[in-house]
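In the part that follows, the structures are each spelled out as structure tokens.
One chain, subunit A, links the two complexes that follow: it is found with subunit B in the first and with subunit C in the second.
Now for the complex of A and B:
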């Protein structure tokens, strides 16, 4: 099971995701409320996996993903997305995202994606 | 672990923040401030609201926010202009969202009933616009150089993507990308381009050359929502021009130098963001109230301990207790501080009101707010909201003139409405000032007579201040007609009553042709006040010090009976005298007088003794006790007694 950093600008989504991941036996090592904080937390915590919201204030998810990948090319980042954001997610995949989960989150799908990305 | 209720609370709380953000930025957009930031913020908040409501299963709200997000997506891309009618539509949407949040907070799940037509309208907006728009495109990966043809075995994979997958194009893209990491994709059927655009139905084939072995390929090709239907060694020789090769896969090479975030910059932002995170935590208001109650209990029990220590004269105990006392006092002050909230919380709603009323009346108003950071006890916030709303509505509706009239008066066409809040030594002062028509005392004079509030003679000789104070009399309105904006059956008399219930006062100054200014003076908190402790018929009672004018000794002979009541002549002033017998019973020898005042009116009561002054925590009467005329609350001093606090307002 993995050590996971959750990045989302709302506490609501972070809590939701935290509980899903926790129920799957994962360890939530940290949370960040925007892209800038995400990079700092990533460097500090070196998590096995990051769940990254796409739309966030200041530094958005794509920029944060790029910055994290620049700092650690082996970083495993899963994008948290919603219907209508396909183009953004494609950009993220091209920038090195390893997976994606779609809001509203379905716990089994989230856990499956996390497991697959962690084991890859 | 979080339960349903916990999620709901958090959802409502964060949704309200986002809702407010949308409203404020819509207004900012209209006023022509930094457009791009406002548009980005609205888009972001609508998107966040959509995601959160979808997660909670609040479909109606999700649909509405989704439609708003779509509209702003177009605006952001410059495909749509923000017009006044669009702003109106969007503001109506925010009103609906607010209503939905109220319903959700109350435990419901709003239906599409209210929002359905709005969604239609928003959709009409986006569809009309997007007809001839090219699809937003993302940057395609640059053409990949040809790989070196080595002699790794080739395989054909037949793969299917789960039909329930929400974004099968991205799933395909991820699969291809993951396969690239362990090999070189030679070709796909249909083409890689079609796969990445989601233009495929059913299974597809991938021809890959890889030295990683079948097992590795199986693992990668059986990811989320992907099933590997077939894997076979391929006889075909490596193709000449592979799509991509694995050396290209290091992600940092995919980074455009100009779009990659320079890490130094990120670090700097991080610092300030981090400190924000640490500085603020969310606490449930009810928890805070419970904590406050506990602190109050602690204060009361400290007082009891002090009495015990005094009685037994134990020096060591006394010293320890004084240390405890100091900590308790600090704790109490701290808790009071935590209960304080910046006035912004209610001020933020007002620009919207000004806009609506001004639009409705065809007026132009520049509304400025200063001192929103001034703090007030949380418990007073709710009560203050309506009076402010009323005054602001009045100012735009009745105060500020239409641009045409203003021009003929030599004023700028745009009226100014200023709201300022500040803290002086003991009070919070809120001023609302407009540069409108002011209130005509002659009109007031006529109205006073026609309403029978004054005789024609009295009205003729009445001073301006007396006339203006009539505004606060029930049923007195200066507007010639009652409008649907200001005249909602609530007058300034209700405003005054509400402010008085918050222990505040309201004053108005007006100058014909120059404008009107309302001044609200409020205590920053109602929970802790200075009181004078007195004994009446052997029972203790507390009087707020702010209401006490003086304490005097008097002879019974100075008391005169006027009809059914008593009065006393004190320093050439006749003051009504109350003995509070119905509350405390008749006292034998109450010859100490306490002169009380509220809002300029005075009276006096008789007491046995005056015990002194002290700071106390006032608790409201419990709901079981109900409303008790003459008593505004109770306090529990050190000895554990329950002492009523007099409500002087009802006596004078």
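Now for the complex of A and C:
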């Protein structure tokens, strides 16, 4: 089980992910609503894994991913975005993302992906 | 025509027999004694170790055949490539997304697609995938980056073993448009005609994600009655079905007494 930081600009999606991850026995150590906050929270909390929304105001998810990876190359980040933005996968993977989930998602699959990334 | 052992359903019973698989037809031996040209097949349904074939000029004859996967796979391939169906050569990726998680090793397969009465079939050298039309949740003409080019694809969302799966079809744009229109027409019964209010939409999203009623009430700060109203809307629009009805109970005086007795200290 992991210590997870959830990054998403909508409270609804953060709450949904929090419920899903909590039901899988994970510890939600923090939340952030944009990329800049994500980087600050990552440095402060040192989570085992980050779920990162791609489209966010101010600093977007890809930029935040790059900043986190620059600060900690071993960081495990799963990108999370809406249907139709799957082409971001390549960019995210190139930038160091370990996994990718597409909204809307189903709890068992999210937990499976988180488990895979945590155990990799 | 090569003969293989199969079982066929006859008068409500599964009967062991043999089936011949030829280039343009297949034959089912006694008790059916029938020869069926692949081009007369109008529908094919695939189930575990079983196929259901509808054939004949009126499409009224239904054959249920059970056998090992290898045999059924050969039979299905002949039927899909020759049956009376809307068919095209295309690339497909199925599944590409499962439950919202991208399948990292998903790849494009070269093959054929056949749209039959009750399902869409993808067939390649190695794979045969059936998407029943009743399980199709969405059809969209969209674009996808393939080998660093944005190409038009048809995206099909469908249910598979209680998971939402996304598959993609790639072929020339003119064919793609025809396929899209054909699928839209074949699945128009599942389109949402009415507007959904934001709260009911959020409830639907949470149900989709696998949340139970209690979690939904907590997340959206809804009363039991409010959630029931949202559920009724989803049920009324055909967007959801009742999985089970759970009871909420309170203890009677007898029940309260039982609990009181249970928690009494042995010293009392």
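The rule is short, and it goes like this: the second predicted complex is superposed on the first by the 120 of 120 C-alpha atoms of A that agree within 3 Å, B and C clash if a C-alpha of one lies under 4 Å from a C-alpha of the other, contacts with A are read in each partner's own complex, and residues count from 1 in each chain.
As a working rule, a residue touches a chain if its C-beta (ideal position, glycine included) is under 8 Å from a C-beta of that chain, and two chains touch if they have at least 3 such contacts.
The model shown is predicted, which means the values in this text are computed figures rather than measured ones.
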Based on the superposed arrangement, let me know which partner A:118 touches: subunit B (first), subunit C (second), both, or neither? neither
Which partner chains sit in contact with A:16 here, subunit B, subunit C, both or neither? Use first/second/both/neither. both
Figure out whether A:63 sits in contact with subunit B (first) or subunit C (second), or with both, or with neither. first
Looking at A:94, would you say it contacts subunit B, subunit C, both, or neither? Reply first, second, both or neither. first
Regarding the shared-chain residue A:108, is it in contact with subunit B (first), subunit C (second), both, or neither? second
Looking at A:50, would you say it contacts subunit B, subunit C, both, or neither? Reply first, second, both or neither. neither
State whether A:39 touches subunit B only (first), subunit C only (second), both chains, or neither. first
Applying the touch criterion given at the start, work out whether A:7 contacts subunit B, subunit C, both or neither, answering first, second, both or neither. neither
Intersection of the subunit A residues that touch subunit B with those that touch subunit C: 12, 15-16, 19, 83-84, 86-87, 89-90, 99-100, 102-105, 109, 112-113
Can you tell me which positions in subunit A touch subunit C when the two form their complex? 12, 15-16, 19-20, 83-84, 86-87, 89-90, 99-110, 112-113
Hey, which residues of subunit C end up touching subunit A in the complex? 97-102, 142, 144-145, 150, 163-164, 166, 202, 205-206, 208-211, 215, 219
Complex contact set, residues of subunit A against subunit B: 9-13, 15-16, 19, 22, 33-37, 39-40, 55-59, 63-64, 66-67, 69-71, 73, 81-84, 86-91, 93-100, 102-105, 109, 112-113, 116, 119-120
Subunit B residues within the subunit A interface of the complex: 1-2, 6-7, 10-11, 14, 18, 41, 43-44, 47-48, 50-52, 54-57, 66, 69-70, 73, 136-139, 141, 166-167, 169-170, 173-174, 177-178, 196, 198, 219-220, 223-225, 250-252, 254-255, 259-261, 263, 266-267, 269-270, 273-274, 277, 282
